[in-house]
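What follows is a set of structures to go through.
First subunit A sits with subunit B, and in the next complex the same chain sits with subunit C.
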Partner chain A sequence: MKPSGPIDTFQPIADRPAPVQTVGPVAWMRENLFSGIGNSLVTLGIIAFLVYYIPPILDWAFFSANWSGTTEDACVKDGACWVFINAWSYQFFYGTYPLEEVWRINLMLVLLLIVIAMSFTLPKHYRMKASIAAWLALPLVGMAILYGGWGGLEVVSTDLWGGFTLNVFMAAASIIVAFPFSFLWALGRRSQMPFIRSVSVIFIEFFRGVPVLSLFFMGSVMLPLFFAEGTNVDKLIRVWLVLIFFMSGYMAEVFRGGFAAVPSGQYEAADSVGLSYWQKILLIILPQVIKISMPNILATFVMLFKNTTFLLIIGIPEVVQTLQTALANSYWLGGHALEGYLFVFLVFWASCFGMSVLSRRIERTLNTDKRD
Partner chain B sequence: MAKKALFTATTLATALVASATTVQAATLDDVKARGTLTCGVSTGLAGFSEKDANGNWSGLDVDVCRAVAAAVLGGADKVQYKPLTAKERFTALASGEIDMLSRNTTWTHTRDTSLGINFAGTNYYDGASFMIMKDLGVSSATELDGANACIQAGTSTELAIADYFRENGMSYKAVTFDTSDQTRQGFESGRCDFLTSDGSQLAALRIGLANPGNAIILPEVISKEPLGPVVRQGDDQWFNIVKWSLNAMIEAEEQGVTSMNAGDMMKNGNPANKRLLGAEGELGANLGLDAEWAYRIVTQVGNYAESFERNVGMGSPLKLERGLNASWRDGGILYAPAMR
Partner chain C sequence: MFKQKTIEEAKASARRSSGNSSAAFYNNPNVRAIFYQILLVFGLGYFFYSIISNVLANMEATGIKTGFSFLGASAGYDVLMTLISFESTDTYGKIFIVGFLNTLLVSAIGIVFATILGFIFGVAAFSQNLLIRKAALVYVEIFRNIPLLLQVFFWYFAVLSALPGARQSLSLGEAIFLNVRGLYLPKMVGSDLFWVAEAALGLAIVGIFVLRRWAKTRQDETGQQFPVLNTSIAMVIGLPLLALIVTGFPFTMEYPALKGFNYFGGITVIPELMALAIALSVYTGAFIAEAVRAGVQAIPHGQTEAARSIGLKEKKIMQLIIVPQAMRVIVPLLNSEYQSLVKNSTLAAAIGYPDLFNVFVGTALNQTGQAIETIFMTIIVYFVVNMVISFLMNRFNNAVALVSR
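Moving on to the complex of A and B:
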């Protein structure tokens, strides 16, 4: 029996609150920045820090900065004196290289870019041979173009080379020359012959174990004393040699890692088809080693490139040394160190970032077997 | 400490090699054959050897190089500058990489006697001194008892100031910094009452202050730092040329010969002027140079006073007083041996 009473009618229940928003910026902030008391406090702290520090920095670097002019007197506002960078920009990039000859430096930079581009744009068929030849010829061609003294080119003594382009050339020239040497050292270290093996080990461990600064001191201060009287090896050449030795020690270890990573089946397969030792190494093993080692090779190159700023310790006018010389000029004594070092920082950061983008690109090109 | 050990090692090595090979080929012939003088300078020191934005070198030390080039090669611009650090300067000289060194180098007994080098004179008498803010109300270093001192670590000034305060029975508290830039900032922000460094360096630091007018440099000079050009031992002719090129600049100031009036003085001056400028006498021939060597120095580089004013004196941002570096006739100690 049905209970008597009013007939059931539709009774709406009270509205429930809308669900917590799960998309959109507000939700993202709630989830990631204000999910608890601790998180909220940290977020607020960071925001306060940024609000407090960012506007003065922006103001210093842009709004109150001095942009135009040629002398220190043009820096009247409180902000950064970018006039300093502007006035010294030629020195920072090219050193004291004569203005009318500066096309030679620019030509070298273009050649360097062409050779880099060649390495992965040429048809596969002759890419390897052509680009290896181009790479090995580059330091010699570069030296000839920059130094001059042939075909009507005026001699530009190495004392006049300097600035950021010197950092680039020193790094490029030493890594290119070090490349084949380091390959030989790595082979030597894996060799069965005790003499070659121990010489290689000693060389590699010496140049890896000694700080690059003390090597530079050796090159600049000690080395000249060992030469015969009257033989003057140019200071730049001496530190170039030091950089090559240093670099080949490091790269040898990079290559050794590459050799170890090639499966032993590859060696055995090469042996079984009757290839000679050098055929085996150059045709079968080396291409795989380079592919495996590519990330490390580029990392080592970036390291060497940054290490070239240590050359300031022996008075080579690379970019940081040029900056310090500029800071000591009696017409620019107003304290522009901050602007100068920020500039060097940006230039190096941009170059190194560019190189790491390039290296990822190269790795993708080389990644033939494990394409994902 | 490591720095010191390294320096000692380098010094020893330099001394060893230098003593083994004291007999050199004639530097004069080498320089003439090359057509340029290679001169070791600093990597940048305001007023002494500095580079401008166009890459041209100038300064009091650079002018000594220019004077030698003018005397030997006939042109003050025929100089190849080699920027050297403090550590490698003597090696560069010993190995023949440079013909002469003009790089704010203090003339000390040890260096002169043990490194196989010769100091060819003094072109700037420097010494540690004090800079204070005006509102400290101090006019002499003897009133600085108990003060805080901003000092750059690892400099010879550190020793000089310790000696000076002990000698005068005073005390101070050292606040040390790594670079001269940081030292200046420490001084400016009031971390210390006075800043101490070499006089020439103080002048450069003072320009970098927000208000250079607020700072004064006290008159006391508490250490001896005679700076001068250096040559290798064993080539007396070259030693003489560098020594007398510097002396010619000093002598020209004493005689009142300037780059402006040198031509006139050569014709119409007194016998001493004529001897200096080569119209009479054998001074040039005795050095192995032509008669007009000093005339070229004075016209192309200027006498010492002109060089001083242009580079570090009132004509420059440094605005250094002549002080000790005035000619002996004006109360300084700059004195060239007799030019006859």
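Moving on to the complex of A and C:
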């Protein structure tokens, strides 16, 4: 029964703010920075360290650095001599590739970007076919454009190739060509046929088990002995061949993981609708394997990309070799090792870190399992 | 995979038993399997035949000898650093051993320090302190993403060659010296009764195992715990120390001393070894930190909560609940990181540390021209070392693996 008469409406007291120690920046700091005596000391120590070291580093790298000029004499201030990087930037990126032909390298990079964009944006019903064909054609087209010797293009000998774009090219061209082979090796390793299986296992384990550097030496010293007398295969091509073998060993294991991760119901379903072995593999299994393996493929690529710096040891002028040449140049003897290494660090770090971020994003977008 | 196999086998046997005579024999999977494999045998046979005949023809044309007789020949060059006595008149065979020992040395140092760094930074990723968490993240993301070769060069050319010369050496208590020529450590030279201390150390190590067994049996029977770790540390330090005191310190310390332009005496660590070991440790440490982080993250939070609810202390939770479970994820990853560290130690060739690869595939190959023999001998060593690592880590993995009862 409701009481008659004026109803006393309930008047809540206004909310009091939460205690300052449990919410807001103070609480955050208490929890994350000063949660105990030991933690507070560590925090203060790290802050002191940063305060002590960051300003001089910033000062060296930016405020008293030398930015403009073309020769070493322009470096008059105490800080970093970025003029050095500026003056050598062409060589760092393109090696000794002739200046008037450098558009070919740039064209290559643009093509690479186009193919990457294609594989994400094309309409779905022919994306797979078109992008696979484009990827596989890319190394050969690239080789033809960079080397020239057809359609009025001047021949640029591989001795002149170099710099960071050579690292990119070697890594990309090897992994792309290795792709179909590694796929076959992975199938071979899963095969029922004992001889094919053991050959695949030996191949994969050999190329995964030996140091990359010994493979490069094989490419540069041992491989010439394998060719028939009189055939003279270019050194870069030989190393490329070896890198393809190396990569197909690693990628085969990546794909094997992918094959194992596809649910067996998929294989069975493909069998039950009467697809042949290759129809089953190419139409049903492979698309899923690529999707599952994408993060690992990128991780393998990052490893390969970092390993392309080892080419320096067999005398191929990739970016670190170019840096060493620049450091030994008689016009630049002012000790710019720090600037040079920092620059190359930064270039590699940005590429590799970017790819690992990309790989995480692809993993999220390709994860269609949870979408429905 | 196993399941897949049985399905295909079942299919194959079904086809066989049905005796389907309408299918042509070339559609029989067994016939096809044999055909493909014969094709592969011939393909490979031709491939290797042509390679071998090309190699022999090429070698004859260039006048390179074949076979391993060069191993007995005098090498005629000196090696920068040797763990066993070596002179330039010694054979290539001995150089092989010298290089092998140097490879083992740098790999062992690298593995120890990479593991320490990796576990410190891997656990630091779960610190309560935000700055420590960020520091761990920065360490991993920086050093994982820069090529190892650049890091080796950085330490060798930018850091170690920027150290002061011998006369201005950095020193620690007039016993340890660091300069551009290397790191100089004091050496302990034992005299006649020194073996007593060594025996005491051996006894302490054996004692630890006995103690562990005893403590475990006691805990199983009575539930009482025994401070095994503290007692072990006390035994390892205490027993040799006691032996030294009783025998009257039968050793002398050999300190490095400045003579002329450099330090002599004691143990010398050449900068090549330092640069390579630092770079390998820091690089692999970043990967191990990632592995440790993944391992700890793989454990459901419920484990920690359950452990808290039965009243375990935070330290004990880590020790008894988290770490043993995390190790199952970490150990296989450690296995592959250790193997790649050994393979990466070949980068010694870039700065001239005389590891197996550098002295054998580098110099010996250059002098003898016998590319195939030297490269394969070297590769086999790396295979064997990695197999040993894999074997040991698998043993360790079995020890930490989940035992279901």
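The criterion applied here is as follows: the second predicted complex is superposed on the first by the 332 of 372 C-alpha atoms of A that agree within 3 Å, B and C clash if a C-alpha of one lies under 4 Å from a C-alpha of the other, contacts with A are read in each partner's own complex, and residues count from 1 in each chain.
Basically, a contact is a pair of C-beta atoms (placed from the backbone, for glycine too) under 8 Å apart; a residue touches a chain by one contact, two chains touch by 3 or more.
In this text the structure is predicted, and so the values were computed from the model without any measurement.
A.B. asks: Answer with clash or fit: subunit B and subunit C placed together on subunit A by superposition.
C.D. replies: Aligned on subunit A, subunit C clashes with subunit B.
A.B. asks: In the superposed arrangement, which partner chain does A:Glu363 touch: subunit B (first), subunit C (second), both, or neither?
C.D. replies: So A:Glu363 meets neither subunit B nor subunit C here.
A.B. asks: By the touch definition at the top of the document, which applies to A:Leu33: first (subunit B), second (subunit C), both, or neither?
C.D. replies: second
A.B. asks: Between subunit B and subunit C, whom does A:Cys352 touch in the aligned arrangement: first, second, both, or neither?
C.D. replies: Touch partner of A:Cys352: subunit C, not subunit B.
A.B. asks: If we overlay the two complexes on their shared chain A, which of subunit B and subunit C does A:Ile46 touch? Say first, second, both or neither.
C.D. replies: After superposition on chain A, A:Ile46 lies in contact with subunit C alone.
A.B. asks: According to the stated criteria, A:Asp271 is in contact with first (subunit B), second (subunit C), both, or neither; which is it?
C.D. replies: In the superposition, A:Asp271 contacts subunit C only.
A.B. asks: Would you sort A:Gly334 into first (subunit B), second (subunit C), both or neither based on which partner it touches?
C.D. replies: After superposition on chain A, A:Gly334 lies in contact with subunit B alone.
A.B. asks: In the superposed arrangement, which partner chain does A:Ile313 touch: subunit B (first), subunit C (second), both, or neither?
C.D. replies: Once the two structures are laid over each other on A, A:Ile313 reaches both partners.
A.B. asks: According to the stated criteria, A:Val212 is in contact with first (subunit B), second (subunit C), both, or neither; which is it?
C.D. replies: second
A.B. asks: Output check: A:Val221 vs subunit B and subunit C. Expected answer is one of first, second, both, neither. What do you get?
C.D. replies: A:Val221: touches subunit B and subunit C.
A.B. asks: Who wins on subunit A residues touched, subunit B or subunit C?
C.D. replies: The larger set of subunit A residues in touch belongs to C.
A.B. asks: Return the residues of subunit A at which the contacts from subunit B and from subunit C coincide.
C.D. replies: In the superposed arrangement, which is not itself an observed complex, subunit A uses residues 217, 221-222, 224-225, 227, 229, 313, 337 for both subunit B and subunit C.
A.B. asks: Which subunit B residues qualify as touching subunit A in the complex?
C.D. replies: Touch list, subunit B to subunit A: 6, 10, 13-14, 17, 21, 24-25, 43-47, 50-55, 80-85, 87-88, 91-92, 94-97, 181, 184, 204, 207-208, 316-318.
A.B. asks: Under the touch definition given earlier, write down the residues of subunit A that touch subunit C in their complex.
C.D. replies: Residues 31-33, 35-36, 39, 42-43, 46-47, 190, 192-196, 199, 209-214, 217-218, 221-222, 224-229, 260, 264, 267-268, 271, 302, 306-307, 309-310, 312-313, 320, 337-338, 341, 344-345, 348-349, 352-353, 356.
A.B. asks: In the complex formed with subunit B, which residues of subunit A make contact?
C.D. replies: Residues 87-88, 90-91, 95-96, 157, 159-160, 217, 220-222, 224-225, 227, 229-230, 232, 235, 313-315, 317, 321, 324-331, 333-335, 337.
A.B. asks: Quick one: in the complex, what on subunit C touches subunit A?
C.D. replies: 1, 3-5, 7-9, 11-12, 33, 36-37, 40-41, 44, 50-51, 54-55, 57-59, 61, 128-132, 135, 141-142, 144-150, 153-154, 157-158, 343-344, 346-347, 349-350, 357, 361, 365, 371-372, 375, 378-379, 382-383, 386
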